[in-house]
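Multiple structures follow.
Note that chain A is present in both complexes that follow, paired respectively with chain B and with chain C.
Let's look at the complex of A and B:
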């Protein structure tokens, strides 16, 4: 299958200006009116950023904005977390890139492997934000120059190392994903601690993996295979659990995180939890079982009818009395719960939209082939439905990310609330307000924009827009 | 290869996926199992996609069993929240080895967070006082930032052990909020700040003036009540927060700024130290705002412990003991010997016998704490001075 590239029109600059700026008289008038306006605004922005802005409030509090009141002696945990996450990201990127290549090869389609550079280029907003951080950090005189640059150098190296996962032979593709998951979990736990109870995520991941890959080929009877798989899984889980029990080093729980770190982690956790919950709710709402359908519908409609801030307040004020005494659920946990429950309802409606947009014939075709309902759902319906709703879904996640600033109101020191701390400090009381606000806004924008770009790429790759 | 197709073919080779009684029954059974398994499988669908439903279900239940088996010892140490149900907060704090202290982290002079993420402020120091008294370590504090709305709920729900968050002791709060107010650490009150250049000295001078005030606060209500009662005409200019109020005040959009005197003090300090116009805070205070620690109702033991820890700072002041000399006291005053715990004196408060020494050595006596914050009004001769100097700081004798 080959497609001819569309003809490219090469315009000279003059032609471009005539075509785009002075196509007709009103376009000409608009251009003449707008250009000075843009120039003036640009000049004012330049003055603000580089001449008049008092950026000392941001510069001196850069660490406070990043990690808030996080124990400074434990900063190494955050650095390790960044590196482990970058490693996981690199491995995931490499594995994904190889997997896409595999599929293209299978289908006999031409394929060019995406490079790390292309991915980083897609997330240029994050690079801009990083640049701003470095600029502030490098003008700091207290050894601020070395650490961030070292960290970024190490991160780049780790990213490139991780990306080498694309060299894994094809049968080790799942191992790539397993490694990604491992480093994500380890990255999380390097801050939250490797205590006894923390074995669960890795234990489950590796347990399931062991169950799936256990060498049971030489056992004839089906039940014996299952038993052997279970034995393998239990053995792996036991090993992991023992390791955790031996290490058992407590870290710093999320109720003591703050700043941008908290904002990012809370959003990520809420997104990860809200997606499966929303999917279940969407399927539940279309279920043929009345109890499931009614409960899902009620949940969705009740939660969608309530503002997020109300849920957050309820989490803070009511949940504490509804839980059994002694349940030590921190404010952050309750906020995450509220955000997850809220977003899940919206995700459910988005997914339902995708399910409804799918022609009924797709399901019927699957039934005619004699496929089991879960297979129809997993292999025919969901892939198409989810693909169609990626833009809406990412939009919801971006909105969740920005809504995490509502934690401000319940006194959780997330990114935006750090401003309040800064403006309570004797040197910055009620001064440099615009500067800190602009800084925080750029921070939110950088991440939201990167998410948006990533969703656009997904749309293209999965060919949502045909 | 589709998993479902494979399964049907495997289990019923005659059915060809269509027709046949046996095939039909088989498919129905699969369907029922599938409905149950669907929710499990959705979450566990992997790239391989080769796992079969039945096996997946078995695996799932196996893991559930493992979880159940492990859960009894897997929890680690549970931190029991104190307060609320009466009794046990002291023990809970001792077991935890850390004091959960509810604070305000955005109140100049009382609770601030420095660039390095450390808390400081007058209220913060009293969290440290309680930690030093109870645990012997002033740094064993976990600060829990709370909004004004959250503070009492957090106390009742046991999320914090003690609330030291510029909370005014009022009858309603004492009666309705289920909290127990303890020794007042700071006698505050609403005041009025004017630029020194205006020469105003009494509220009457402000007749017809614009007054800057934060909206929706008790301060705003007080302002209206006092000015109306005294027949002084005024025009309130309300703001959402001090970051907006301060520039407006400095641009002279209003002639007076009313707030708690302690807050006005820190703003006066900030404005003047940043080269702004000189400010005057009128001597007249037109509301009573006693600020101090509060604990949940119903735990007298804990209330005593917090109360006597806080009062030890004033008692040390009265005895002339400070962080420098309390450890090396060599006098013979029996009261002081009782106080520093060298005399085998134990009032059975639930505090260690050397609690006062720990508090004063690690944190300081009352003026040492107070004078760390230059923005608070001078202590000498103020309402917060020692009773023997004409102030209100008076603690029961330690004997």
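Let's look at the complex of A and C:
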């Protein structure tokens, strides 16, 4: 038997044009009408971007757009943050890539390790944005930033170093994830400061890690093992607390952040907080306990019925009455609280949809095996339900990211608000506002699009074949 | 019915020896619809009982009541000396004693074959990973697919998936296996490989209740055949009795339709 190759349908360019642009008379008419329109719009856009546009307002205020009113003396903290985040990203990418490869090998599936380049290609919108920044920064009149090329070079180097985590042997895969988390936290705290109270995120991470890897094999009794695990966890937490107490160096709190930096950080914090809260609300709404169910349902329905702006205002003016007297919450904390509470309600409904879509047989199989209800939830239901709702969830997070521009109404200088500072400067009071607006729009788009692409990749990678 | 036939029939309604599963006067309603009416039956140690009947006759509901996937409304169900109650501990205990194989396999698609099998032993019986995996490999060998251990269910054929599902149930070392139409969702050429595993299991002395439409399997392996219609047990007997000399009109009608 000879194996035949699949038939090749290679069209010549002319055939392609005929098939796709002039298939019948009305598609031909549409093509003839639309091609000039596209050409004209493209030409206008070209003129705006490269010939007529007055980009000086953006160019001279690049630092202002990036970090707003952030203390210029403290800029090094932001550079360190960028490098630490890139390092964490690189390690995560390398570890993830190796983990995917492990699984494919086990299952006997072909797999090619993804390269750093592929990831960068997937996030090309960020590369475009970065390119625009560099283009502006390449002139000598940038006002503040260190040599941006130096920074980018360092970032690329750090990314490549981090990616080497894929060389870790298999048993160190979780160490890769631990390092990723560590550098994320350190990156955050290099700006917000390593003060005494900052031990919590790393303490929690390493405490849990210590609990899981504590060498308790030589203890026979189950309770003794648990006790020894707890001892290990507490010891590790104590060490981390002590380190933080010794270092105790305050940084720049989020009240003093602004610009794109604030937008990104506030969105990230709200996303990280809203996800677990939404998950709990979704489970609460399906709880068999009436009190829990009614409370969750009421919360979700009330929050979903109120505009985010209302919540932001309420956070500023009403939250104070509900908290104990003397609690002094900053404007940014209130805004983060409002955004978190708002998004959690939507996340809850998205997760509930995923839970409902899961076939009943999955739960039943778990029950029939004698698994406890929490095990069924954690090991069978949630992993599948959450995978199924990745696109909707990321959509909600993109929405949150863009809605952070609403913070301007409570006088927080986020990315969009920087424009109004620019246009109060004597030089730019009278210039067209289109350029700054377009620049900010491209900035938002670059990040939102990268998130969307990343969600598509996750969706493909985690897809479950039934 | 001659008295001799009567004798055969009533002998067969009771299991010989010690009974592992006992149902007494069990009723089950879905809303106003009575799915099970006055079910009395028992299953002895190492016995294979095949339940047949038209669709909607309550066969699946019957075995789903035994491990509390459905809650019965009246009557008592005793599994291995434990009476089924509303207490979750009690239910868990019974579920550990009974394995179940579903029509739709219900494997966990996000876990590899070996993880599907070891999940319950590790979580419920707190077996160490190595031990659980060694057991799982043995079971996979027994059902004939040790080379598929690291694959995902979606990569396997229906017959292979169902054999993994059987191995997954066996990993909990159950005293009783419940089969809910295990071959009904399979392509014809895969039915045999699953039935072979079930036959081997029966020959190994496993106590089994099988809801199935495979009359060949019933004839070859069953100690008793139970015929159900409209939520009731209509007739119980040995396979010979059943296929050669059914007594009830309803049974005759059903057999004439499927054979």
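Here is the rule we use: the second predicted complex is superposed on the first by the 447 of 466 C-alpha atoms of A that agree within 3 Å, B and C clash if a C-alpha of one lies under 4 Å from a C-alpha of the other, contacts with A are read in each partner's own complex, and residues count from 1 in each chain.
Definition applied: contacts are C-beta pairs under 8 Å (C-beta built on N, C-alpha and C of every residue); 3 or more make two chains touch, one makes a residue touch a chain.
Just so it is clear, the model here is predicted, and its values are computed rather than measured.
Trainee: Let me test your reading of the model: by the given contact rule, A:384 touches which partner, first (chain B), second (chain C), both or neither?
Mentor: In the superposition, A:384 touches chain C alone.
Trainee: Does chain B (first) or chain C (second) touch A:279, or do both, or does neither?
Mentor: first
Trainee: Residues of chain A touched by chain B versus by chain C: which partner has the larger set?
Mentor: It is B that touches the greater number of chain A residues.
Trainee: Scan A:316 for contacts with chain B and chain C and give back first, second, both or neither.
Mentor: First partner only.
Trainee: Which partner does A:228 reach: the first (chain B), the second (chain C), both, or neither?
Mentor: neither
Trainee: Going by the contact rule set out at the top, does A:268 touch chain B (first), chain C (second), both, or neither?
Mentor: neither
Trainee: Could you tell me if A:369 is touching chain B, chain C, both of them or neither one (first, second, both, neither)?
Mentor: both
Trainee: Just checking: does A:433 make contact with chain B only, chain C only, both, or neither of them? Give me first, second, both or neither.
Mentor: first
Trainee: Between chain B and chain C, which residues of chain A are contacted by each of them?
Mentor: Of chain A, residues 369-372, 375, 379 contact chain B in one complex and chain C in the other.
Trainee: Name, in rising order, each residue of chain A that touches chain B in their complex.
Mentor: Of all residues in chain A, those touching chain B are 60-61, 63-64, 67-72, 99, 173-174, 177, 195-197, 199-200, 204, 207-208, 211-212, 226, 229-230, 233-234, 237, 241, 250, 256, 276, 279-280, 283, 289, 316-317, 320-321, 325-326, 328, 330-331, 369-379, 382, 409-413, 420-421, 423-426, 429-431, 433.
Trainee: Quick check: in the complex, which residue numbers of chain A touch chain C?
Mentor: Contacts found on chain A: 106-109, 222, 359, 361-362, 364-365, 367-372, 375, 379-380, 383-384, 387, 464-466.
Trainee: Would you mind writing out the residues of chain B in touch with chain A in their complex?
Mentor: 2-5, 7-8, 17-18, 27, 30-31, 34-35, 37-39, 41-51, 53, 55, 58-59, 62-63, 66-67, 70, 73-76, 78-81, 84-85, 105-108, 111-119, 142-147, 149-150, 153-154, 156-159, 242-247, 266-267, 269-270, 273-274, 375
Trainee: Where on chain C is chain A touching in the complex?
Mentor: 67-69, 92, 95-96, 98-100, 102, 104, 106-110, 112, 119-120, 123-124, 126, 150-155, 165, 168-169, 172
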